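Next, two complexes with subunit A in common: one pairs it with subunit B, the other with subunit C.
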Partner chain A sequence: MSVIVKIKKKFSFLFKWFLKKDRMKIGIYGPPNAGKTTLANRILRDWTGDVMGSVSEVPHETRRARLREGVKIEVNGKSVMLDIVDTPGLATKIDFHEFMKFGLSEEEAKKRAKEATEGVIEAIKWLDDLDGVLMVMDATEDPYTQVNVTIVGNIEARNIPLLIVANKIDLPNASPARIKAAFPQHPVVPVSALKGMNIDTLYREIAEKFG
Partner chain B sequence: MPHKCTKCGRIYPDGDRRILNGCECGNNRFIYVPKEKSKDKRIKEKNKDERLNEDRTGKGVNAEGVESVRIIDPGMYEINLEKVFSREEIIIALREDGRYVIHLPSLIGKLEKKLVKRKSDKKK
Partner chain C sequence: MEGVQLNLISKDRLDKMASMEKIRMILEEVKRGKIVVLESGLTPEEEAKLIELTMLEIDHDKFVGIEVESYPQKSRGFLGKIFGSSGGRLTVIGPANRLKTLQKSDEFIEALVSLGDR
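Moving on to the complex of A and B:
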């Protein structure tokens, strides 16, 4: 082994320390109705006492990305300062008829569909500015979807650190194991953002992964 | 199980008198036909297989097209996630008639951002 490699190995922790950002910008991604905003609200409520945005059973409630800066998470003496971006749900098809089933008028539904489409583009464009991603998946749904596979594949291609959150484990038919089996190359944390179940494990993983 | 007349193709439900007495066309030979439900099931299974194949390859309905977004009708959109991820510009396809729109602000915004970054790098 050459001397340079030896020196590099010995002092690699110093390089990492110098290069380390004091603040990490983390995006919350996933398909519609996976619980992204519910998770963002949970994190913000726990660490700042604030909320990110409104949640709804109607898909595509979040249609603009929202940024909350300076969220400090402290776990077991380790702390990490995060800027959190809550993004609109990613989808391949958006149809206003789906919203009309929830009682929206045709005009409102069409407006929502247009904004949701813009939201998908905006969410993807945000990826250029991120240091890490929390990918939220609904543990009651089949994880082998085009949206999930495409997002994970592209995040991998960009070398952005990724943590998968298997949400809605409070529901009886939830199966986080199915998500683990689908994406074995990434850490998967089962949580219920709504009920706060296993949320401490998620904070520990966030501090570990992004700290 | 429904019966189908081998001559005229009329279908009679299970237990229909005409299966015993003969078809309206005078024919008295019938074949069993699978229920409509099983046909639906087959279609569903086929769709599921297609969807899984799409998912495994990571390609969607529009993976072959150039467009990032296809406007099928007002309020109905198809988004080619792969294209949005991989391209800087947004290309919008208007319905199915081969008309395309390139969304310039998305492209110009990116170029401006790059120029500003280059200028600030030069100053440093």
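Moving on to the complex of A and C:
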């Protein structure tokens, strides 16, 4: 790595503070089935009347990143203009047998697995072009997964703003506190993207963090 | 003797290797069914690169990916961001069909290594 690149990287958080953009490109990241597309759909439905894409209980439903430009969020007189990227779920392994458990044929499962591997690569590539990240974690699951650790570590290394969304708080065994304990250095907003629970708090945090 | 081979790589050796050299070495060993233990781990960028290259290597029959066990990075303060290094912590990497996480916290990881494929 050249000295200039190293210096630029080290001081990028200072540059970003001084040169704040009026339009932020925000990536929605997380493991498969955390509710990324459900959250993207909720945000788009609330602020544009549109949706981002289909959701499914079968993991890796989103296998290509989707970009929606010009989403304006206004809360308490503060507004932020976002370009939202809904990324495929990140994983360290993809076994087509897992998809067959949901009734997919072997051929369909293998095709989905291949597309899912490409989706993971695409999601990682997007990290270099973002101004901020909404990291979606399933509040009913253990937050200390390698995918969560790797994504958070990469966002910290790039010095871009991060907001952790503890999703699925409508479920009885949800524990946003576990996520807060795992990543105490970042703000955590508990929501149910599906039911819209606490979603106004998330919009307020988005306007604060990315505005 | 039947068993799983563990390769324990010291920090000194890792420090001498370029990022891609480390990642290639890890992937080659893990694809052979070995468990790789890195004393000083990988940086977050290297972890992301490892995941990226793993995705390219998945063949859906013999190799379905990797399992990585490492601790969250220690948070760095203002001065740490400017002067600190971004080295990783102890990391264990193995084939996804052999290494399974049982329990993980900020300071403790419990994992299971199986002899069979699943």
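What we mean here is this: the second predicted complex is superposed on the first by the 193 of 211 C-alpha atoms of A that agree within 3 Å, B and C clash if a C-alpha of one lies under 4 Å from a C-alpha of the other, contacts with A are read in each partner's own complex, and residues count from 1 in each chain.
Please note the rule applied: a contact is a pair of C-beta atoms (placed from the backbone, for glycine too) under 8 Å apart; a residue touches a chain by one contact, two chains touch by 3 or more.
The model shown is predicted, which means the values in this text are computed figures rather than measured ones.
**Q** Quick check on the subunit A-based superposition: subunit B and subunit C, clash or fit?
**A** By the criteria stated at the top, subunit C and subunit B clash after superposition.
**Q** Please indicate which partner A:199 is in contact with in the superposed arrangement: first for subunit B, second for subunit C, both, or neither.
**A** A:199: touches no partner chain.
**Q** Quick check for you: in the superposed arrangement, does A:120 touch first (subunit B), second (subunit C), both or neither?
**A** both
**Q** In the three-chain superposition, say which chain, subunit B or subunit C, touches more residues of subunit A.
**A** Of subunit B and subunit C, the partner in contact with more residues of subunit A is C.
**Q** Mind working out whether A:207 is in touch with subunit B, subunit C, both or neither, as first, second, both or neither?
**A** Once the two structures are laid over each other on A, A:207 reaches no partner at all.
**Q** Would you check which partner chain A:144 touches, where first means subunit B only, second means subunit C only, and both and neither mean what they say?
**A** In the superposition, A:144 contacts both subunit B and subunit C.
**Q** Using the superposition on chain A described above, determine whether A:153 touches subunit B (first), subunit C (second), both, or neither.
**A** Once the two structures are laid over each other on A, A:153 reaches both partners.
**Q** Looking at A:185 after the superposition, I want to know if it touches subunit B, subunit C, both of them or none. Which is it: first, second, both, neither?
**A** Touch status of A:185: second partner only.
**Q** Of the two partner chains, subunit B (first) and subunit C (second), which one does A:80 touch, if any: first, second, both, or neither?
**A** neither
**Q** On subunit A, what residues does subunit B touch that subunit C touches as well?
**A** Looking at subunit A, the two contact sets intersect at 90-96, 110, 113-114, 117, 120-121, 124-125, 127, 144-146, 149-150, 153-154.
**Q** Name, in rising order, each residue of subunit C that touches subunit A in their complex.
**A** 43-45, 47-48, 51-52, 54-56, 58, 60, 64-73, 75, 81-82, 86, 96-97, 101, 104-106
**Q** Can you list the residues on subunit A that touch subunit B in the complex?
**A** By the definition above, subunit A touches subunit B via 90-97, 106, 109-110, 113-114, 117, 120-121, 124-125, 127, 144-147, 149-151, 153-154.
**Q** Given the complex with subunit A, which residues does subunit B contribute to the contact?
**A** Of all residues in subunit B, those touching subunit A are 51-52, 54-56, 58-62, 68-69, 74-82, 84-86, 90, 106.
**Q** Flag every residue of subunit A that touches subunit C in the complex, lowest number first.
**A** For this pair, the touching residues of subunit A are 10-11, 13, 90-96, 110, 113-114, 117-118, 120-121, 124-125, 127, 142, 144-146, 149-150, 152-154, 156-157, 159, 182-183, 185.
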